[in-house]
Each structure stands twice: as structure tokens, then as C-alpha cells.
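Look for chain A in each of the two complexes below; its partner is chain B in the first and chain C in the second.
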Partner chain A sequence: MKRVARVEFLFEFLRVILGLAIAYLFTLLAIVFVAENPLEAVREFAIGPFLTTRRFGQIMGKFIPYLISGCGMCFIYACGRFNLIGEGIVNFAPCIAALALFGTGGLMMNLPLPLNLLILLVICAVVGGAVASVPAFCRETLGGNETVVSIIMNYMLLYLSMYLLKRFLSDKSQSFLCSKPFPDNAQFHSLFANSNFHSGIYISAICFIIACVVFYRTGIGQKIRISEANVSFAQYSGIRSIAAMYAAQIIGGVFMGIAGCVDVFGLYTRYQYSALTNIGMDGLIVAVIARKKPFFIPFAAFVLAYIRTSAVVLNLATSIPYEFVNMMQAVLILFVAAQGFLEKPKNRIIFRISREIEAQKKEGV
Partner chain B sequence: MLSLSAVQWEGLYMSKEILRMEGITKIYSNGFMANKDVSFSINSGEIHALIGENGAGKTTLMKILFGLEVCQSGTIYMNGEPTKIMNPLDAIAKGVGMVHQHFMQMPDLTVAENIILGIEPGRYGLYNGKKAVEMTLEASAKYRLDVNPNDLIRNISVGQKQKVELLKALIRGAKILILDEPTAVLTPQETRKLFEQLSFLKESGYAVVFISHKLEEIMEICDRVTVLRHGRVAGYGEIKDLDELKLSNMIVGRDVVLEIEKSRAERGASILRVEHLNYLDDNGKAVISGLSMGIRSGEIVGIAGVEGNGQTELSEIITGMRRATEGSVSINGSEISHRSIRKIRDLGVAHISEDRMKYGCAAELSIRDNIASVYLDRKEFRSGLFVNKKKINKFVEQCIKDFEISCGDGSEAIRMLSGGNIQKVIVAREFCCGANLIVANQPTRGIDVGTSDLIRRQIIKQSREKGIGVLLISSDLNEVLEVSDRLLIMKDGEIVAQFMDPKSVTDDMLGEYMLGIKHMTTEEMGDLF
Partner chain C sequence: MLTQIASFLFSVIRISTPIMFVALCAVISEKAGLLNMAAESMMLMSALIGVIFSAITQSLLIGLIAGAMSSVLVTLFLCFATFVMKVDLYLMSIAMNLALSGATVYIMYMTTGVKSNTAATFASKTMPNFIIPVIQDIPFLGRLISGHNGFTYIAFLMVFIVWFLLYRTKIGLRIRAVGQNPAAAESVGINPRLIYTLSFCMAAVIASLGGMYLSMGYQSFFIRDITGGRGFIGMSASTIANANPAIAAVISIMFGLAEAVTNYLKIYIADTHLLSALPYMIMTVLILLLSAVRKRGREQIARENKKRLEQQSGSAVPTNIKMRDE
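Entry: the complex of A and B
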């Protein structure tokens, strides 16, 4: 059976790598067909994001929240729940943090940067966890559908955030809806050349390490993984699987809150979200590409950040629209998520091995 | 596609081979070979039993026939013509109908609506409810399956629901009916009625594949039998040439069970005490009725009985997986009726479930994770919030060594192991957790002889060396007779006999109590605690 395990691992790996290669080739071909100057377009798409510091900064600016939201979605998705509340949390949690920042009578204005950032992160994490527990409660205790509840809640949280922004935070001197500028001691500062690559990367790295440790090394991580793998077995083993499901969704919400915090206080100088950001959904895409394993999240987050930045670069350098490159993302997910991809050759090899084992057994008898 | 008219069927039915499956081999995508070169045939006007232990491959074979699974090699012949069954719709079109153990019905629709679902009468896309009722009444009269077309499914009895399932298949033109454990959910009266209906169908030329664990039912209703063991055909023949003993020999391969030597049990303090236990299932049927028994430390109490007489429910109530309707269960002096599974395990209970893939393990997780699952909250395996991986690894290594589990370092997914090795992992986990009561439900079912022997020896070792009390539930009669110190027999949710010296019990004696022919009085049974 070890041979079967090896074949399965090999094909699992091949599925991601081949999926990526096929999606990439497919996109390059499509660009060649639609671009006025195919060579230039392919060059811009393939290596454009790495050609200037600013563009690389854009990749990293996207990579930072993707890494955190991907880790969060890993927990939610790994326990078999499609709680999409992350989308609303990314809008709502930093809004509450901004309220605290501006509403504490200048208290936070004078605190040192690390302490201020820590407070903002904690507020966002707590709000994220609390908000995520609502769809979890609807599912685990009331037996509702967490996907429907979370999608509805995302819009409620968006409009609630906009109300709070208009009512308590808005800067009337600006021509668009935004808060007053964040003070210097409440921002993740750019790491080089004023690019989008900001110090939130340290938070991402810490979040990634925490996610891996919680997922693989703690009792609750083990319980979440067991509950996802077989809930009847979890209950038989004495694991309170409902508690594990709650924990997974709340932990996911905490990560989402942190992702929102790092994005708002890293990329912007004011709170100015007036639409859903898609960071929550992107987190789900990252988790799908990483096959629910936090260990692969940095790779998956970087791939997605690269695709998104390439799309922007291509759009600016040629006449090809941004949405066009999203096809690559769709093709990639199709191949990675499709269980049937490479299933036939894999089964052929496994069937052959099984027959050989059976023949050996017969000979042994 | 092969579809025959009613007239053609009429001409064909009289004891003619209607279906033949030849050389069927089915390998699942995890490499598990469920059917190995299996051949099976059925005649029209015949009830053919398909029997074997759980995991023997009967359901897989029938799924292939009903188009739910695809086999890697082998041919299906219908009326002598080779045919391919692509999916269930194709199977139905070719005259194969299946009645699943768990009914496929819409509870909020009427009987008639359920029966005609997918073949709704009407014109121009409009549904003709009146016609649906007429069709149902017509079929009901034709096949002598009495149902009320206007009743809602959720309001009718299990027996009625089964009639609806039969009508669903028959109205679609099925001539071969596959019944998967049809009597498992029925009361004796309903079972009797079902047998009358099946006999009528048989006389009308229908072929019925009857899957069951209940040997007495097979002897009563079936004409021929095919026995599967470990995915292969272990035997077949005419029922009139067989008896229950021969059938059970074919199912479990009795001749290979080894004699086990064991020292005399030293009964100590009471560990388990079950008093006046009652359990009603979801359909309100009494599965356990006023059952009382107990186990003392150092003894192995075996429970024998035909499957489906409340043994599983009893083991699940003791381990906290079900709640009793009435009565009390105490473990080491503590009442467990309101305790969680975790708390009951903490009282000192270990459990080997009969369904090892559903409850016994998580197939996709590693051997290590599967062993660690019950130890995650133990202080010795924790360092604060963290699981002490070093200690867990060491423990898993020891388990692998002690229980001779054939695997690598324990990091591979458990589904990669053979059934016997999966069971060894489960047994290792449960036997090493420091429990003083082990509930072992079918611990050796469907696994190889060597592993079965190892597990039986371990059960005896645990009871003799550590003074652990063991409740052993098994359909393998040799096993309960060989391993148990005290033997109880369950029939219809009650203890009907107790033997203090199981080795002296003959198969005939066992059979009489298991089939309900005899029932010991309370005095004859003696002290059950």
C-alpha cells in the first residue's frame, strides 16, 4: 500500500503544478491572440510585475493580506464549512479599529507605533472573531446555512461600516467618503522606495507561523482536522466536534480581521472602503490552491498576488482589460480543485499495483 | 440497450437464467479490491440470497449491477446477451430495481407522488395528479402491495415505506429486484408480510436478490445462495441442500479459527451495571427491552445473537454514542446517562466500534493522528496548548511495534492500510488508553485470520493481566465461544440465556436461543451481574 500512497502523493503534486502550467500557457496563448503587440504583451504579463520596484511592491501589497486571509480560510475551509464572512470582516473590523483610534480622545494618537499597531490588530482580531461566530452559531447551533447567512451579513457589514464612516469618521474636507488621515503612529510604513511593500509583511509572517503551529501542533488544530476528516469518528473519540467547528470559524474570523487591519493601515492613509474588497474571497481561492494546508499558503498567496498584479500591469501597458487575466485564475482553480483531473492515469497505475499485490498474495498462498 | 416488453418477459421468466455476472473485479481508487473475480447468476422466478460479512463485497457487487459503480473487469449478461450498465437510469431501463436499506423517499410528498417521481403522468408539461393516484392504485392491486396513494410519506409506517420502495421499482418495469437488508428495519409482523409479497413476486416470475445477515430468514424465503468472503465467492448452492450451520461456515470460514488457551477468569469488582434498559429507535420500535446485565473486572462477557437484535444499540448506549430511552447504566459506580462520550471515556471505557471506517478511524488522516485522537486531552501528551509530538510519536511507534502493524513510520494515511491493519490501529489505540472496560463490537469482522487471532489473544491478555472487563459482541460464534468467560444471548433486545461455561455450549443449543425457540427463565440464567 506504500506504493499506492506514493502514487497518490505524486499525482496530488502534479495536479497543482500541471494546473498552474496549463493555466499559465492558456493565458499566454490568449494574450498572443488578442494583443496588438503580442511580444510586448507577453513580456509585460510574464515579467512585468518584477521589472520595477513599484510593481514588485504592488505584488507584495496584495501578498500581505492574501497570506493572512488564506491562513484564515484554511481553518474555515478545513473544517468543511463555507463561512464567507471574511469578506465583511475585512471592511468592518478596521472600521471599528478606526473608531477606536479617533474616538478615544487623542489617547491613541500619542502612543508609540508598535503599541498602537498592536492595539489596532487586537481590536480587529477580536471583532473578526466575534463577527465570524454569528454564522457559526447559525450553522452549529441553529442548523442554518452558514454560506447564505455570511453572504447576507457581508452586505450588512459593508453598509454598517459605511454608516459608521459617514456618521463618526468622515473627513468633510475631502471630496470622497473617507476618514481623517491616520496618524503616523498608526500605520504600517512602506519598507522601501515608498512602494506598497509595507511592514505588515512581518505580521503576515507571524500569522503564517501561528497558523501552521495551531493547525499542526495544538490540540485544537488536531481536533479541527479530525472533525473535518470524519465527524462521526471525532465524536466517537470524545472530541466535541461542534466546539471544534466553532473554534475553526472563529479562528478564521480572527485572521480575517487581522488581514483587514494590515490592508487598511498598510496600504491607505485613511479608512476609505466603500465596497467589498474581495480579500475574503481571495483568501478562499488561496486556501483552495493550497489544498487547505497552511504550509502551502505563502506559495498560493504569491501566485494569486502575481496574477492580479500582472493583470494590472498588462492593462496599463496594453489595451487588454484587467478582467481578461482573471481567466488564468479561473483555469488554475478549475484544475487544482477538479478531483477528476489526472484521475484516469492515476487510477490506471493504482489498479495495476492492486492487481500485482493480489497476484503476489495468491503466489504466497 | 436491452428493454423487453411485458409479453417477452412473460415468455422468459419460468426458471430461466435472467442475469449472469461473470469474473467481476472491482478496485476502488485507493487500491482496495472489493470484488475479486466474482461470478453470480440469478434465474427468473427465484429469490437468491447474497450473503457475507460486512465488507465482503456484496453491496459493491450490487452497486455494479445497479450502475452505481463501474467494475474494472468482468461481464454482465442479461438473458444471455452481454450488456453494459452505465448508470442507475440505465439499470432501471434494463429491468433492474434496487430497494436500498435507507429508503430514498421525499417525506413531504404523498405515496403516489413518490412512486411516480420522474415518470409523472400528464400532458404539455402539466402534472396529472389524478392519473398518478390511479397508476399507484393499479400497481398496488397488481403486485398486492397495499398502500394509500394520498398518505404523506412522513405519516406512514416503515413497512408501508418499504412497499412504496418496491412499487417504485416495479412500476418502472423492474424484473430483477435487489433488496439490501430489507428486514433490518421491520417488525416481525412486517417481515412476515414482506415475505408473503416476495413469494408472490417470485411466483409471478420476478427475480429477487436478497441481501441479509439473518440466516433463518434466508433459509425460509430463498431458493439459492451465493456467499462472499473477502471479495471472493466463498460458496454457493441450493438452500434445500444447506442449513444455517453450513451457511455460517461459508460466511466466516469457521474451520480456520484457532483454539485459544486461556487461564481461568478471576472476577473482581463490578465495572459495568446495566439495569432495566429500554431503547426505542427513531421509528418508535423497541430495540432493547428491559435489559439488565453487568461485567466484573477480569472477565470477558460475550454476547451472541443474530445481528439486529439490539447488540449494536447496547454497545453504543454503554459508550455514550446513543442515549437510552429508559433504565440506568453505571460504569465504575458512576451513572452515565447524561455524560458525554469524552466523560464516559474518562471513566475508563474503550470502544471498538463495529463500523471501523465510519466511527473507528478517519481514513484520510495519518495513522499517528488516528491513534492520537483519544489522547489529545491527556496531560501526559500535552504541553500547555500544544500536543507533545515527541511523546505521541514514541507512543505511536510502540503501538506499531506491539500490535505488529504493517506500515511505515505512522505518517501515512490510514486508508492505505489493509482492513486488518486498520483494525490493529484501532485496537492498539483502544487497548492502550488505560481503560478498565473494553466494549468490543465485532472486533474481528471482515479481517484476516492472523489479525483476528492477534486481537483475540490481546483481549484475553488485557483481561487476565490488567484485570480489565471486556464486553465482546460478535456474530462469529466460534469467537464468542472461545474467548468469553461468560456468554449471554440476545434476542429481540433481551437477554434470553446465560452460559457460565461457553466452551461447553453446542451450536444447536446456541441456535435454539438465538432463533427464539427457547428462552431461559430468570432462575435458569442466574446472576447476570
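Entry: the complex of A and C
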């Protein structure tokens, strides 16, 4: 059995790597095809993001929330639920945290930085978990469709956040809708050269470790994994799969809240979201590339952050628009998530191994 | 006053038109048992391609056909990914929405040199407004019913067409059979994958009309992300209506009403964001309530079935009999 499991893992790995390679090559080919100066365009796309500290900072600035939201979506997606509420949570949770920051009568203004950040993170996590439980309730208790509810709620949360921003937080001295600037003791500060690479990376690292421990080393993680593999089996072996599904979605929401917090208080000096950020959907793409395994999330998050930054660099250096790379994401998802991709050779090898094991057993008898 | 009410209701119908198309598109997919989250991409593609082709050929008909074909092509790619390559449908739909949002901007940039809209380069033909001869003279009704865009009348006609297709044709019966139980349908020789693909292609044609209404009816050019989340609103309308075409159309008009009220009140109220959030709040509560009601209904049916079985067999039936979709 061990050999079969190894083959399964190998093919899973191969599919991701091949999928990434095909999508990347496809993108490069397309760039060559459309660019006025193909060599320069390819160079900018491939190594451009690493050429300056500022650009590398941009990759890391994207990597930090992707890592956390990827971990969150891993839990939600791993239990087979398409609860897309993360998108709205990223907007809404930091808004509530900003309300607490400015609305407590200067109480938080004088607290030390670590304590302030901890309070903001806890608020975002609690709000995230609470909000994510609504679509979960719809699905697990009421038997409705969690995807529809979560998508509608995303728009609701976007407008609610903007309402709260305008009503309670807005800085009237600015020409655009934004909050007052965050105080110095309530920000994730830049780690080097004033780039986007900020101290939120430590939170990402901690979240990643927690996600791995919860997913692989705790009872609830095991229940989620078993429920994912086979709900009926989980139920017949005494696992309350509904509780596991609830837990997975709420944990996902908590991670999403933290991702929003780190993004808002790390990348920006004010709360200024006026549209959905796509961090939630990107989290899903990260989870797909990582094949729902938290252990591979850093790799997947870095790949996505790199591709996104490459697109920005390409946009600035050549005439190829940023949106071009969004097209290629469909190709990436197609190959990475396609169960039919490489299925035949995998089955052939597994059949052969099974027959060999069978033959060995017979000989042994 | 009456004139104002009539013109307000006129704008409600105008705003509801694209949502109605998407809701009907979602109804067909939902009857086949699948949630259509890719309506956004179907609409975006058709809205852009329709404008380009109608401007180049200066023919509205060719624009409409090209738009619908492009939408079907996008859908066929989605079906290939989902039913042949076995990617999760929801996942692929999300990826397609992202991709098409980028692709339309890319195509627009490559053909016009700007990323915002096609107004300066492509002079698209638009669907004309139709004045209905006798009805337009009726005082209140005339202002309400007559003078709408051609697409609006097609949308109302489409409610009947979709109903007829689903409940009065062979293919409709097959779509519903596959939607209720794919395995049972397969056992009598229906190919579920073919039915899924067919239902998605039909949905694509209907969604394409919604997309083209935005770029070739309501106005004469394509703007980036022109759909503005209408694909999802239509999908919710279909979910709330439990995939019933007539109810889905009514719910679409309710959404149109909510949007029209928001537009009208924007002049008087400074805090419009809360007003914008309100329809989505109502929708969320409505979906939760209806889910609860439907669950109760399912449990009721299960209880009755159990009782009947017990009466027939004369012995107790295990309590853990479950509905298929639970």
C-alpha cells in the first residue's frame, strides 16, 4: 500500500509542477507573441520582480496575506465547502478593528505596539470567525447553498465596511474616502528600505505553523481531513462531520480576518478599501496550487505573489497590460486542479504495482 | 405624480433586464443540478465581442450572433475543463471569471489602445427601443410598457421560452431528470455530461443576451467589468426562486426595484453605502429563511414517506433514511 501512496503523492506533485510549468511557458510564449520587444518583455516578466529591493518588497507584500488566506482557504476547501466569505471578511474585519482603534477614546493610542497589534489581530480573527459562521450555518444547519450566501454577503460586507468608514472613520481632510492615519503603535512596520515587506511576515509565519499543527497534529484537523476524504466513513466511525465542517469554515474565517488585518495595517497607513480586494479568491487559488495541504502553502503563495508582481512589472516596462496575466490563471487552475490530467498513466502504474503485490502475496502463500 | 411613478417603474424594468437574463441562465443550469457561477464570464465575453463585431460589420444581427457564439465558446472551454479534465466546476467558474475579466480588458486594449471602454474606437450598433402602437396611448400603462429596449421584451419572452423548454420539451425533461438524479438518468441511457454541456450552452446564449444588453442596448460601448456582479445577483435570484423561471423573473424585478430605489434616493441621502448594502442584506436573510423553510419541507416529506413505508410493511423503518441532497 505504501508504494501506491507514494505513486499517488508523486503524481500529485508532478501535476502541480507540470501545471505551473505549462501555464508559465504558455504565458511566456504569449508574451513573445504580443510584445514589441519580446526579449526584454520576457526578461522583465521572468526576473524583473527580483531586480530591485522595491519590487522584491512588492512580492513579499503580496506573499504575506496570501500565505495566511491560503492557509484559511485550505481548511474551508479541504472539507469540500465553497464558502467564499473570505473576500468580504478581508474588507470587513479590519474595518471593525479600525473602529476599535479610533473609537475607544484614545485608549489604544498609548498602548505598546505588540499589545495593540495583538488586540487588532484578535478583533479581526473573532469578526472573521463570526462572519464565516453565517454561510456555514446556512449549509450545515439549514441545508442551503453556502456559495451563494457567501458571494452575496461579500457585497453586503463591502458596502457595510464603506458605510462604517464614511460614517465613523472618514478623514474629511482627504480628497478620497479613507480613515485617519493609523498611529505608529498600530502598524506593521516595513522591514527594509521602506518597501512593502513588513513585519506582518512574522504573523504569517506563526499562522502557517498553527495551520500545519491544527491540520496535521490535532483531533479537529484529523476529523476535517477524514470528513474531506469520505463523509460517510467519517459519520459511520462516529465523527460528527457537521461539527468538523463548521470548525473548518470558522477556522478559515479566522485566518481570513487575520489576513485582512495584516494587509490593512501592514501595507497601508489608513483604512481605504473601496472595492473587494480579491485576497479571498487568491487564497483559494493558493490552496488549489498547494493541493489543499497547508504544508505547501508558502510555496504556492510565493508563486502567486511572484506571478502577480511580474504582471505589474511587465505592465510598467512594456505595453502588455496587467490583466494579461489574469487570463493565464485559468490555464494554471485548469492543469493544477484537473483530476483528469495525468490520470491514465497514474492508474496504469498503480494497477501494475497492485498486480505485482498480488503476485508476490500468491508466491508467498 | 402618476407620470413619475410610471417613469420610476419603467426604470425598474430597465434595470431588471440583465438580471432577468442571468437569472434565467442560472435556472437552466440549476435545473440540471449545477450552480452556474460562470455567468459573469459568459456576459463579459459576449458584451465585448458583440460590440466589436457589430461595429466592424455594421450589422446588429451579426454582432448578436458573434456575441452569443463567443459566450458559448467560453462555456465549452469551461465544460471541457470540468467534465473532461475533471476540475471542480465552482473552482473553474471562479478562475474563468477572473480570466475573462482580464481577457476582455486585454482584447479591448489590443484593439482600441485604451483599457477603460470601447466608445472611441468601435461605433457599435444598438438594439432599438420599440414603441408599441396601441398600448403607448394608454395613460399609465403606455408609459410603463411601451418604449423599452428590444432586449427587455426578449427577456420577458425568454421567461416563457425557458419555461416551455424545461417543462414541455424532451430535452427539458432530460435536464430535469439529470438534475434530480444523474445516476438514475444514466441508468436509462441519458448521458449526464452531454446534458450538463447542453444546459450550460443554452444558459450561455441567454447570459450573452444579458451581457449584450449592457453594451449594445443600454449603451453602445463596452466598459471594463461592465457586468458589475450582476452574474452573481442573477444566480442568487435563481437560487431564491428554487430554479422556477417565473419566480426567478419576479425576484429579478425585485432586485431591479431595490437598485432603482437606491438610485433615486442617492439624491436625497448622503450615506448611500448603507442603502447599497440593504438589498444584499435582505437577500442574505431571504436565502437563510428559504433554506430553513425548504429544509422543513424536505423533513416533512421524509416523515410522510417513512410513515407510508411503515404502514405498507407493517414494521418500523430505520430513522436514518436521508434525502439525496442532504
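We take it that the second predicted complex is superposed on the first by the 342 of 365 C-alpha atoms of A that agree within 3 Å, B and C clash if a C-alpha of one lies under 4 Å from a C-alpha of the other, contacts with A are read in each partner's own complex, and residues count from 1 in each chain.
Please note the rule applied: a contact is a pair of C-beta atoms (placed from the backbone, for glycine too) under 8 Å apart; a residue touches a chain by one contact, two chains touch by 3 or more.
None of the values given here were measured: they were computed from a predicted structure.
**Student:** Of the partners chain B and chain C, which touch A:68 in the superposed model: first, second, both, neither?
**Tutor:** A:68 contacts neither chain B nor chain C.
**Student:** Is A:163 contacted by the first partner chain B, the second partner chain C, both or neither?
**Tutor:** The second partner, chain C, only.
**Student:** Check the residue A:20 against both partner chains and state whether it touches chain B (first), chain C (second), both, or neither.
**Tutor:** In the superposition, A:20 contacts neither chain B nor chain C.
**Student:** Classify the contacts of A:236 with the two partner chains as first (chain B alone), second (chain C alone), both, or neither.
**Tutor:** first
**Student:** State whether A:95 touches chain B only (first), chain C only (second), both chains, or neither.
**Tutor:** So A:95 meets neither chain B nor chain C here.
**Student:** Which one hits more chain A residues, chain B or chain C?
**Tutor:** Ranking chain B and chain C by residues of chain A touched puts C first.
**Student:** Which positions of chain A sit in both the chain B and the chain C interface?
**Tutor:** Correct list for chain A: 343.
**Student:** Using the touch definition from the top, list the residues of chain C that touch chain A in their complex.
**Tutor:** 35, 37, 81, 84-88, 90-92, 94-96, 98-99, 101-103, 105-106, 109-110, 115, 229, 232-233, 235-236, 239, 271, 273-274, 276-277, 280-281, 283-284, 287-288, 290-292, 294-295, 298, 325-326
**Student:** Taking the touch rule as given, give the residues of chain B at its contact with chain A in the complex, in rising order.
**Tutor:** 27, 29-33, 36, 72, 319, 321, 340-342, 344-346, 351, 353, 358-365, 369, 372-374, 376-377, 382, 385-387, 389, 408, 412-413, 416-418
**Student:** Considering only the defined contacts, which chain A positions touch chain C in the complex?
**Tutor:** 34, 82, 84, 134, 137-138, 142-145, 147-149, 151-153, 155-156, 158-160, 162-163, 166-167, 281, 284-285, 288, 321, 323-330, 332-334, 337-341, 343
**Student:** Could you please specify the touching residues of chain A with respect to chain B in the complex?
**Tutor:** Touching chain B from chain A are residues 1-2, 4-5, 213, 217-220, 222-223, 225-226, 229-230, 232-240, 343, 346-347, 350-351, 353-355, 357-358.
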